[in-house]
Amino acid sequence: MKIGLAKIAQLVGGKIEGDDRIIINGINSLDCAIPGEISFLIAPRYKKKLATTLASAIIIAEPAENYKGSQIIAANPELAYAKTAQIFAMPLTRFNGISPQLIIDEGCFIGKEVSIFPNVYLGKDVSIGDGTILFPGVYIGDRVKIGEKSVIHANVSILEDCIVGNNVIICPGSVIGSDGFGFVKDGHKSVRIPQIGTVQIDDDVEIGANNCVDRAALGKTWIKRGVKTDNLVHIAHNVVVGEDSILVAQVGVSGSVRIGNQVILGGQAGISDHIDIGDKAMIGSQSGIAKSVLPGNIVSGTPGMPHRLYLKTSSLIARLPQFFERLRTVEKKIAKLGQTDH
Amino acid sequence: MKIGLAKIAQLVGGKIEGDDRIIINGINSLDCAIPGEISFLIAPRYKKKLATTLASAIIIAEPAENYKGSQIIAANPELAYAKTAQIFAMPLTRFNGISPQLIIDEGCFIGKEVSIFPNVYLGKDVSIGDGTILFPGVYIGDRVKIGEKSVIHANVSILEDCIVGNNVIICPGSVIGSDGFGFVKDGHKSVRIPQIGTVQIDDDVEIGANNCVDRAALGKTWIKRGVKTDNLVHIAHNVVVGEDSILVAQVGVSGSVRIGNQVILGGQAGISDHIDIGDKAMIGSQSGIAKSVLPGNIVSGTPGMPHRLYLKTSSLIARLPQFFERLRTVEKKIAKLGQTDH
Amino acid sequence: MKIGLAKIAQLVGGKIEGDDRIIINGINSLDCAIPGEISFLIAPRYKKKLATTLASAIIIAEPAENYKGSQIIAANPELAYAKTAQIFAMPLTRFNGISPQLIIDEGCFIGKEVSIFPNVYLGKDVSIGDGTILFPGVYIGDRVKIGEKSVIHANVSILEDCIVGNNVIICPGSVIGSDGFGFVKDGHKSVRIPQIGTVQIDDDVEIGANNCVDRAALGKTWIKRGVKTDNLVHIAHNVVVGEDSILVAQVGVSGSVRIGNQVILGGQAGISDHIDIGDKAMIGSQSGIAKSVLPGNIVSGTPGMPHRLYLKTSSLIARLPQFFERLRTVEKKIAKLGQTDH
């Protein structure tokens, strides 16, 4: 792939400082770039690397004096980097059409330009929209509907009656629509509560690898437009995740939690059941959140508390031994003062 | 599915207040139910919803005055709900018989009315009991024995020599019998300790999605009758989980832990190796338990402590900054009193 | 399998005390061993079991007086046990050659004595080294290279362009080379940063079950020689894990973290992005590490602190209620002393 710098600047909406006629054949970090490649400066702390990088051009927010090559000045250099990387990304592998090994049940609808690899299983009355790709080992249960231009990666299982929108990506090994974890005690024994709801995943959602999104007990578990989840995330039955929210790796969300729009849940955080996380709230990594969080709040720790307070208490915890020591000293002094008094 | 209310009452062992001749065609929550559907009241805090629900009938512990439809009075309304939901649940999809695509090795025994979907692999000398279902992508290693009426969902891997009982459900993506994590140092290098034991899963166990249950180093990892695990649970080698215990999502249990009967491990809890969790003990979410827990105890936190104490200390942690401030004030006052004294 | 004790002693480099002519037909724990089996004593706390075990021989560091059978004296009895267990371990099942059901794309190179089970998919230009085994349900993307004598277990997905070395084991359900979790905000929406790097896994690495190792944004995510990971581990994009490091179950490592050689990360620990964990450092279970850790340091807790300090603070946390009480008492006494003063 070779492309003129001027073309890149146009695609990312940037302005060139320096020679705009050079040809670019790859993208790389400042450290690893070789001549002919473009790089980028996002974090200011790497600025001194501009003096030594071999990159032929860089993407940057403001012209840098310590760099000698061509510069694309972009208001949002990270976004410009993402768009430039898209130019050099290999297109996703597609199976050319529908594998003759496809095992398909009755009543399926398969759209145009669908790519179905070998070793895929489709249940009864499944619907696959135009341009969607199903990789090997994918299991699609009865009556599942998948929209257009979605990508279901290898060894993903989508169980019966679930609905997946357009432009959705589900990474390998994830399980959509397994039964929610609902039991009622009958003496010692746990009796399963039938999970007769479904999962609905809206457009532009991306689900990481080895995720588990459980079907609802009744109604639906609902992942709304634009949600992104990292790897090994657990989403229990009847959870609603609002638009454009981000769930970092190994997050666990318990049953019936309602997560608002543009929420960020940090890695390994756990959310207790039946609570609300308001729009634009942020939850710190490893937090254990047992109470609802108001919109826009930043909460960390177990139990959850305002993030600033969390930072303060966190730093104090390491000082507890010293603190106990000081308390002991105070107690002794008081005892002494008490004696002096008498 | 249509069924008379009287029939439902009979199936769940309840008594009808109001018209017992109505016909029910579905079950739903109080909020979402439409006429013709039955609903239920389990949590008393939703009682006021009875005045507005459109459900034609409800299941409830005691007759409610603010509800106008028919009522099934049940001693355990949650259990009655579970049984009613069972009536309306779709039966699990079965492949009609054994897929001609089945790849099967020598010496396998396959019982009556077994359903084996396409893309399943069975190793040598495997035994599959009557009525069991194997979904697509299932891998069954050599000499594995699976009992009757069990369901092995899509893309599950059960490795050689493991034993699975009757009425067991294993959800998609789970791995049973992978090698335990045992290494011994030989200088810098880690030498694998061969894991020559197995996994035994007894009757009525349900394993969630993307679980990992490792085979024993020697002997067996043992999941006893009636255990239920949620998603993404890790159970290491030589662990024993007692009857009817419940492991919530993302729990991790280290090697050689012995968990008693009717234990509950909260979500994301971690249990250190070689300890005992006594019968009916409960471990709070996200706890880190490094010492054995006596039967019936409720333990939370990292390190684990009695749950009541945990609640107290948890609430105090947020007050540490104030606490340090008060200590400083006390120290100053004492210094002053000391001076006054002299 | 029957083998003379003298042969075992020779294989493990030990010296026999007692009868060296006996024949051994299995290995087991002290509790479970029956006559004819060999056992071992590693943890001194089990020493009294030597008096009652039925094992015909034991492996031990120093001759024990309370044991009547033959003893193999070994400098490192755990290593000797590992080597002895290897004698009795069943050899790994192999498919005899390459399954005729193999679905294979153009340009693949397959070495000698490769074993490929049914239901495997190989993409374009894949290379599989001599003696490697691919289990059912394995997905290998385009241009992936796998070395010699490696074992890729059932339902593993290795995505395009990843490189796997020699003698590597990847346990079932793991996902290698899924896209890193990188997004940039464009208004409310998250725009994917194309992940155009790869994953490189060096020789002698063992990856547990249901792991996720993400491909790099640029360059490579790199798992170096001899690394061992337990189950359900998350390794984000651009992470480097140094030689012989050990990652216990459910660890999460964020993007661009550099982990040194011989590091141990305890179960459920979380490592924040862009930090360094120095050679031979140890991180306690469930820790949340947000700052770089120097070589050789032992760090625990959230936030991370020296392990000894962590143990101290941990024990103090349970005493916080008592501590607050004592502070209150001190305050009252001072108030009284203040009054007395006037």
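Letters A, B and C mark the chains in the order given here, with residues in each chain numbered from 1 onward.
Criterion: a contact is a pair of C-beta atoms (placed from the backbone, for glycine too) under 8 Å apart; a residue touches a chain by one contact, two chains touch by 3 or more.
Given the structure is predicted, the values throughout are model-derived calculations rather than measurements.
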Open item on the list: Between 0 and 180 degrees and rounded to the nearest 5, what angle rotates subunit A's CA atoms onto those of subunit B?
Closed with: 120
TODO: Look at both sides of the subunit B and subunit C contact and report whether the same residue positions are involved, with over half shared, or different ones.
DONE: different
Task: Separation of subunit B from subunit C, taking each centre as the mean of its C-alpha atoms, in whole Å - done: 25
- [ ] Quick one: which residues in subunit B touch 2 or more of the other chains?
- [x] 119, 137, 155, 173, 210, 232, 250, 268, 317, 323, 327, 330, 334, 337
Task: Contact set on subunit C toward subunit A in their complex - done: 103, 119, 121, 123-124, 137, 139, 141-142, 155, 157, 159-161, 173-175, 178-179, 181, 183-186, 188-194, 196, 210, 212, 214, 217-219, 232, 234, 236, 250, 252, 254, 268, 270, 272, 288, 301-303, 305, 309, 312-313, 316-317, 319, 323, 326-327, 330, 333-334, 337, 340
Open item on the list: So in the complex, the part of subunit A that touches subunit C is made up of which residues?
Closed with: 27-29, 32, 76, 78-79, 81-83, 85-86, 88-90, 93, 99, 101, 117-119, 135-137, 153-155, 171-173, 204, 206, 208-210, 226, 228, 230-232, 243-244, 246, 248-250, 261-262, 267-268, 285-286, 314-315, 317-318, 320-321, 323-324, 327, 330-331, 334, 337-338, 341
